[in-house]
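In what follows, chain A forms one complex with chain B and a second complex with chain C.
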Partner chain A sequence: MSPAPTLYRGREGMWMWLVHRTTGVAIFFFLLIHVLDTSLVRVSPEAYNEVIGAYKTPIYGLIEAGLVAAIVLHAFNGLRIIAVDRWTWALRHQRMLVWVVWGIFVVMMAAFLPRHLGHVFGGA
Partner chain B sequence: MTATAEKTDSTSEVGAVPTFTVTLRILRHDPEGLDGREAGAEYWEEFTVEAFATDRVLDALHTIKWEQDGSLAFRRSCAHGVCGSDAMRINAKNRLACKTLLKDLNPSRPITVEPIKGLPVEKDLIVDMEPFFASYREIMPFLMTTGPTPERERLQSPEERARFDDTTKCIMCAACTTACPVFWTDGQYFGPQAIVGAHRFIFDSRDEGEWDRLEVLNDKAGVWKCRTAFNCTEACPRGIEVTKAISEVKKALTSGEV
Partner chain C sequence: MMTAPELTEPKKPMNRRTVGNAEKWGWIFQRASGVILIVLIFTHLFINLMTGDGVNQIDFAFVAGKWAAPLWKWWDFTMLVLAMVHGTNGMRMIVNDYARRPFVRQTLQWALNISMVVIIVLGTLVIFTFDPCPTGTDTELLNVELCRELGRL
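Entry: the complex of A and B
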């Protein structure tokens, strides 16, 4: 028997490392699929249209919302990491910068989601 | 606990240090398989002890070992935060058992104590520190100079000394290295402590081996594995800004200037 050890109680930095890695892997797989579906146009334009048409369904609409969320988080946390690597001030205030990243994320998603979801579910 | 406090304790309640009951939940590892366990079995065991408000986690471990279960194994030497022997994971965070007061840990709930993560467990809270020390040796933690040895001491200005002051505080307890998410999954990574040890010499004006060390740290398993999770900085019982030291080594490598 081998009982589960506790989850290490790291702080903001550790969780943002996890967020960065998770969103990074998710974006990578999206790009992989995206390159494949775009390259379909060389094979058969009809097949391409059919695959691209699938993106208009509500399920893909929600996945797209997730994709934008992942990219916004990854982008702004990436800027935080660059700042932390470059300036001692940012290094010492990295925990506060984590909340700045989440703040920007909330603002951007608040601007994006109503419009996007309106398109997806409003049938515009 | 001072001698005076103990004296008043036995005679009257005036000035007595308040006591409380605390439960420790310890992750044990039995390499031999005693009491019908399999060899190498891991299990949680709870112990309840009476503690003073001035007691540290180490005092509770002593009470358990001396009065309840002599088979409990853990390392400690100076017991005052200098030797760096008793780093362990207390309430899911790396700390020194001798520097953590029980009353600061919410004693109304069981306090979990586990061995530090990422190094092979030998027994209970004792891990094999050899991979950790091997990384430290790799960065050549000794003064390297060229030319004849001067007849008097090698002088250094206070400003030159200040550059590496922070990293001289390291006691090699491994709290930083075993708090690092990269180290947990990649045993090849030197880990924060080895980089702190290298920083101490790289930025020492008396040392001339900085580029030998920087070359070692420029390796795949070196500083570039750092993902700035800051677990090391938060775990360091000496308050060393570990991530900052790593960052300074990265900057030396990118700028080519020490």
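Entry: the complex of A and C
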């Protein structure tokens, strides 16, 4: 390794950059489709219910879980980026903050997944 | 493992003129909108996926119930605009990183800007021209309580 100062050494920060970019693109394309399917409420109640009905199937249930995971990661990593740009304290502890982001991710998914998967697979 | 290139002193230091104000404002906007979007989107997800029957409760009558309150109309409108501008701005930064040929870059930027405008206009029209009780619909599908209240049923 070169001793010269460099920001990206392929460790936590660089992985999170990749995660941030991938999730951002995925959410962007989801949002385009999401506004289109919501616009069916202006076509007819039948059309909207028909398409939204698909969202309650197991396959979509899992896709929704993936989307929520992407949002949670992008959002809290976004806050980490803001903090690291802004406060030297955060810059100094940026590697630790990566693990804080993953910690928050685990807690939020633990709160979300059982309930959501219960709705999707519980068949209520 | 790959070794990262060394950081060298840039030949032309960045300043307000070389970066341009658009780039600076894009950077600030990305941060400001991100913070607001957390509140907007997490609330949206919580109400639609965690309360009641979660995803199973979502249908036309559910949307009618939400959009009967101006709060949720404006909530969704703000979320629509901020998320689309934030997402498009982010996609623009990514395109700038990967698309080196000016023609490709400009074509992609145009496609992004057009889709942003189309989606914002469509989404806004949908929210503010929404009719909760279209005539001739099977009452099964309507939010009966709301339509009675509105004198539409």
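Simple rule for what comes next: the second predicted complex is superposed on the first by the 115 of 124 C-alpha atoms of A that agree within 3 Å, B and C clash if a C-alpha of one lies under 4 Å from a C-alpha of the other, contacts with A are read in each partner's own complex, and residues count from 1 in each chain.
As a convention for this text, a contact is a pair of C-beta atoms (placed from the backbone, for glycine too) under 8 Å apart; a residue touches a chain by one contact, two chains touch by 3 or more.
Worth saying up front: this structure is predicted, and the values here are computed from it rather than measured.
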item: Per-residue touch tally on chain A - higher for chain B or for chain C; value: C
item: Contacts of A:M96 with chain B and chain C, given as first, second, both or neither; value: neither
item: Touching partner for A:A54 - first (chain B), second (chain C), both, neither; value: neither
item: Partner chain in contact with A:I63 - chain B first, chain C second, else both or neither; value: neither
item: Contacts of A:V106 with chain B and chain C, given as first, second, both or neither; value: neither
item: Partner chain(s) touched by A:T38 [first = chain B, second = chain C, both, neither]; value: second
item: Touched partner set for A:H116, first chain B, second chain C, both or neither; value: second
item: Overlapping contact positions on chain A, where the chain C interface meets the chain B interface; value: 1-2, 5-10, 85
item: Touch list for chain A against partner chain B, complex; value: 1-3, 5-14, 16-18, 20, 81, 84-85, 88, 91-92, 94-95
item: Partner chain C, residues of chain A touching it in the complex; value: 1-2, 4-10, 21, 24-25, 27-28, 31-32, 35-36, 38-39, 41-42, 44-46, 48-49, 52, 55-56, 61, 64, 68, 71, 75, 78-79, 82, 85, 112, 115-116, 118-120, 124
item: Contact set on chain C toward chain A in their complex; value: 1-7, 31, 34-35, 37-38, 41-42, 45, 49-50, 53-56, 58-61, 63, 80, 83-84, 87-88, 90-91, 94, 115, 119, 122-123, 125-126, 129-131, 134, 137-138, 141-142
item: Chain A contact footprint on chain B (complex, rising order); value: 27, 38, 41-44, 89, 91-93, 112, 114, 117, 179, 181, 227-231, 234, 241, 243-244, 247, 250
